[in-house]
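Below, subunit A partners subunit B and then partners subunit C, in two separate complexes.
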Partner chain A sequence: MSVSATTSETETMTEPVRKSSSKSVWLITPGVIWMLLFLVAPMLMMVYVSFWTQTTFAITPDLTTKSWVTFFTSETYLNSLWTTIRIWLIVLAATLVVGYPAALFVGLFVKNRTIQTALLVLCVIPFWTSFLIRVLAWRPMLGKEGAINLILMKLHIIQQPIEVLLFSELSVIIGMTQIYCVFMVGPIAFMMGRVDQSIIEAAQDLGAGFWRIFRTIILPLTMPGVVVGAIFVSVMVLGEFATAAALSGRKVNLLGNIIVTQVGSLKWAFAAVVGVVLTIVMGVVVAGLLRVVDLKKEL
Partner chain B sequence: MSTVLSLAGVRKTYGDLNALDGIDLSLPDDSYVSLLGPSGSGKTTLLRVIAGFETPEAGAVSFKGERIETVPPHQRDIGFVFQNFALFPHLSVEKNIAFGLENRVENPITDASVVKSKVRDIIGLVGLAGLEDRAVTQISGGQKQRVALARTLVTEPALVLLDEPLGALDANLRTRMLTELRRIRERCGVTFLHVTGSETEALAMGDTVLVLDQGRIAQAADAETIYNEPKSVAVARFLNCYNLFSGAPSEGRFAGPDGTFPLGGEKSFASSVPGYAVRYDRVDIRPLDAPVAADEVSLPATFVADEYSGPAVNSFFQLDNGRVVEVETHLSVAPAPECRPHARYALVWKQNDALVYA
Partner chain C sequence: MQAGGIKLTLGVYIALFLTFLYAPLMVLAILSFQIGPEGGPQFPIIEWSTYWYQHLFGLTPPSRIAPLPIKEALFRSLTLAVMTMIVSTVLGVSSAQAFRKRFKGQNFVFYLIVLGMMVPGVLVGLGMALVSNELSVARHWWGTAFVLHVVYTFPFAFLVMLAIFNRFDQSVEEAAWSLGVSPAKTFRKVTFPLIFPGVLSAMLFAFTLSYDEFSRTLFASGRDLTLPLAIYGTFSVEVHPNVFAFGVLTTLFSFALLSVYAILMTLSMRRAKRIAIQEDA
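Up next is the complex of A and B:
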């Protein structure tokens, strides 16, 4: 008797489950529609357009690989691909070198929650000004007669102004590191905050010194934060064009700058090629970073 | 028996709060010591000072004959089992246990086969065989407790501090772990300092029981002495089995707001806080008009309610001034009292069962 009662109960149980799953479909529908219309469709369109025929003033939907061939045979474009990857790697490393210790400091050594929050908010303050102002503000800092050179000369550390500070690859790297560092600090500090203080004390109690604890406990536990931060920074740096345009004096041409130029001269097919290349690079980078840590498990 | 750890006049304050207010204690080698204290009595602070996570402001901490106040925790050779276990979430059971052996600053073991055999031994000792490769997030609370213990024991510390080790376990498991802990300690031959807020746990576990009150050791004795002869009103209160009456003794009687009790044959203790204590199970419930012997004390009270707990019944009575008095009747020695609500009874105890503090 009790068995039959159980079966009838399970039967009644399955009914509401089915209903709620059809309801849960409605929750995801707007998101799916949005993504299809504004992400998947444009991407497919971009790939399609990259095979269109481009003449000087017009573009026709006759399929050709001419734009692709141009991209992969032109030294300018391949150089720009290489520059993009190089700058991305340097900025990624720089944000990590600046951001990780900062996040560690906030998460590990600042015990007071209020001060912790205040310090993290400080990291975000640069974002309260517009992107353009933030980038352009570097010019009076880094310029030949800028603040840094003036101070160094006043202190007699240098005799001649350091010219490489502005309108060079260095200035682009400095600018980008400053802007994107917070995207590295945030996720790492978040992961750090989730590391129980007693775990570190337990490791100490078992006899491990600071660097051992860092290598065996803190680093692995904050790795998901590093990966998430690296994904944020990578995606933004790889798609960058404004910092390079404002701080390099046109000397540094990233893939993003090429897209801007090509679209400006209505070379849609070619811009689409660069767009597809950039998307593939980003895809590879993100996939590679996700390989480092199983985020599904960690978050 | 030699002393493994001794503290003398240890003080630690947090702002205005005296977390530790002059702690003096010494722990014998190879024994199980339990430390009983209510929350806020400074238990955890004391453990953290011993382990080295906090530095005392005054006083001496000596471990194996050497002063260690300024020695950092990783060089102390004192094991700490955390209340929340503090297992390394990214490592397997085996790796958690091997952590100390592989990563300690002093004398780390680099030979993987030695580590493996030591870990295997300790896993056998704490009863975790078969779980070596599990993630510590995938095992039960009791198993986590064992991993935390094994991780500490494998490094062979001379002293193991356990901060409310059973607090996170359910009642059933707690009783089992109590016997396990004793067995494991006897096999390892080290001193365990087991901190707890539960009086039954403290009494059951400790060869020696320390009672901590307001940052001081209020009493240090074996379990039976603590239970039968708490040295102060505070200790009696923590034991949670004494009716405590305030007042003061004068001219052969103890007088207070709850009643006047004739004195004679009672145990008396010198104490700054005066009081009169009688254990729940020493009180007899009688009809109001029943005769009272010369060496007995009688107190009229109104029955309120009772609680049946299996081996015993706890009855609650209200005195005329509203104060509640508890009586515990062990069903193995007496039938359950059948009291009618709101009826009046006489609560009677022998004068020599009373404890008087003055």
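Up next is the complex of A and C:
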């Protein structure tokens, strides 16, 4: 979905330059104004408020760096920053490991068009159902009396239920991996579909084995898909709080959870500081990922 | 590929992968048929019943488990989704239409719009709450939350329409113009029928994303709950199977929506094909 978008953009750019008219200005203005007013202005406001003075019940627009100092000297906040980064890295790796083989199979091994489409649709359907319900659905799966423990006990693989499955960091990671791996599978499968089969056949004719073909042809050619998927997953996981709220039993506090708690207790300036930190982390991550592959060139 | 073995392994893998995707929802659906009000949200199923579905609609005698506040929340969520769908589709179509010609700052505008789908809800939500505090504007689901929903869904509509316009054959429009048809009428009679599948997809995106959206709504909507907020409220307390029953119903609703979309898509494809055949003949 995103990949095709970026493609279409590059194609638009290579079109012959036509004279810009006042008509297109009128068409684009409402959208631009909307984004400036309701996206850019709130974000700038957040940066601004992060330097306001926080009193017990209110904030006053006297500029100070006190909230920032509080953030970087408080163990709670720094811990949550590390937790966020750790969970992001683990979930990113997990979605890649779980999603890549699926995309490889659907995009390259399934030759029948109908089956291919059906499999892709099956992968994407959960995306259209309620996010919160999908998160919540892990509770009866992972709980002490949950489905997984029940099945493992029935099969006599374990004697005691595994308690660490729910309300732990593990449950958050499992939940997030399931929810976000769709965004990894999509872009990678899209790039798989664009791999020229004749290159693979040529390599086979020259006697290359599967792993060699995978390493030297398939993996490099699908890297843009991996990067696009990684950007999607990163942005979403870094901004998460609901999965942690539902599955960690308050044991995992991501930056997003801190923002929610701070807003709940009307600590707007602190919340704004955490928001700005989160924005910076995200910006660095996305910029770093874009460095790996030059998307405009590759697509 | 050498690889009957690898293909088989991957085939088994994809089965496991789909199980991983769907098993939690299946378990949730099974448990929603637990007997109530004493049956809990776990196995074993003491007795099969539709108690929790009746509970959702207030058909059961009052018990210690409070009913989900879904009636008004459903109305709000649907209204909000329709409002968002209309505005973001209009914005998406007109912006993508503008992108068919090059203009100054096109790259900037592209990234500005796409930013809307990338920035996490918790951040824009927080920013919007701060802005409305500062301007002393009351936060409402139909006001502050609505504009944020459009910020989120408009980029999707825009990207879908960009992709459609890219494959669009300009000469059809030019033919209409050269025959003296007004631009407005050309858009209505020629352009719009051709881009209709895209518009439909944009509408589907906007509606479902808004209907399901909650991190933006959380800070920006004030006191009245939308459906996702009502669900989110249950996270902090004990979960009862009534939430599961609701989950099943809302998932069925999503499927119904997807089916309507698929049917409309097929119909419009068929029509396009028929026109193409007529043209050839």
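The rule is short, and it goes like this: the second predicted complex is superposed on the first by the 267 of 299 C-alpha atoms of A that agree within 3 Å, B and C clash if a C-alpha of one lies under 4 Å from a C-alpha of the other, contacts with A are read in each partner's own complex, and residues count from 1 in each chain.
Going forward, a contact is a pair of C-beta atoms (placed from the backbone, for glycine too) under 8 Å apart; a residue touches a chain by one contact, two chains touch by 3 or more.
All figures in this text were calculated on a predicted structure; none of them were measured in a lab.
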| item | value |
| --- | --- |
| Contact breadth on subunit A, by residue count: subunit C or subunit B | C |
| Partner chain(s) touched by A:T55 [first = subunit B, second = subunit C, both, neither] | neither |
| Subunit B versus subunit C as contact partner of A:N112, first or second or both or neither | neither |
| Touched partner set for A:Q159, first subunit B, second subunit C, both or neither | neither |
| Which of subunit B and subunit C A:P42 touches, first, second, both or neither | second |
| First (subunit B), second (subunit C), both or neither touched by A:T73 | neither |
| Which superposed partner A:G209 touches (first subunit B, second subunit C, both, neither) | both |
| Interface residues of subunit A shared between complexes with subunit B and subunit C | 204, 209, 213 |
| Partner subunit A, residues of subunit B touching it in the complex | 51-53, 72-80, 82, 84, 86-90, 99-100, 103-106, 108, 151-152, 155 |
| Sites on subunit A touched by subunit C in the complex | 1-2, 4-5, 8-9, 11-13, 15, 17-21, 23-25, 27-28, 30-32, 34-46, 49, 98, 101-102, 104-106, 109, 119, 122-123, 125-126, 128-134, 136-141, 143, 145-147, 150, 178, 181-182, 200, 204, 209-210, 213, 235-236, 238-242, 245-246, 256, 259-260, 263, 268, 271-272, 275, 278-279, 282, 286 |
| Complex contacts: residues of subunit A adjacent to subunit B | 196, 198-199, 201-209, 212-213, 216-217, 220-221 |
| For the subunit C and subunit A complex, residues of the former touching the latter | 1-3, 6-7, 10-11, 13-14, 17-18, 20-25, 27-28, 31, 41-43, 91-92, 94-95, 97-104, 106-107, 109-110, 112-116, 118-124, 126-131, 133-134, 147-148, 150-151, 154, 158-159, 162-163, 166, 208, 212, 214-215, 218-219, 228, 231-232, 234-236, 239, 243-244, 246-247, 250-251, 254-255, 257-258 |
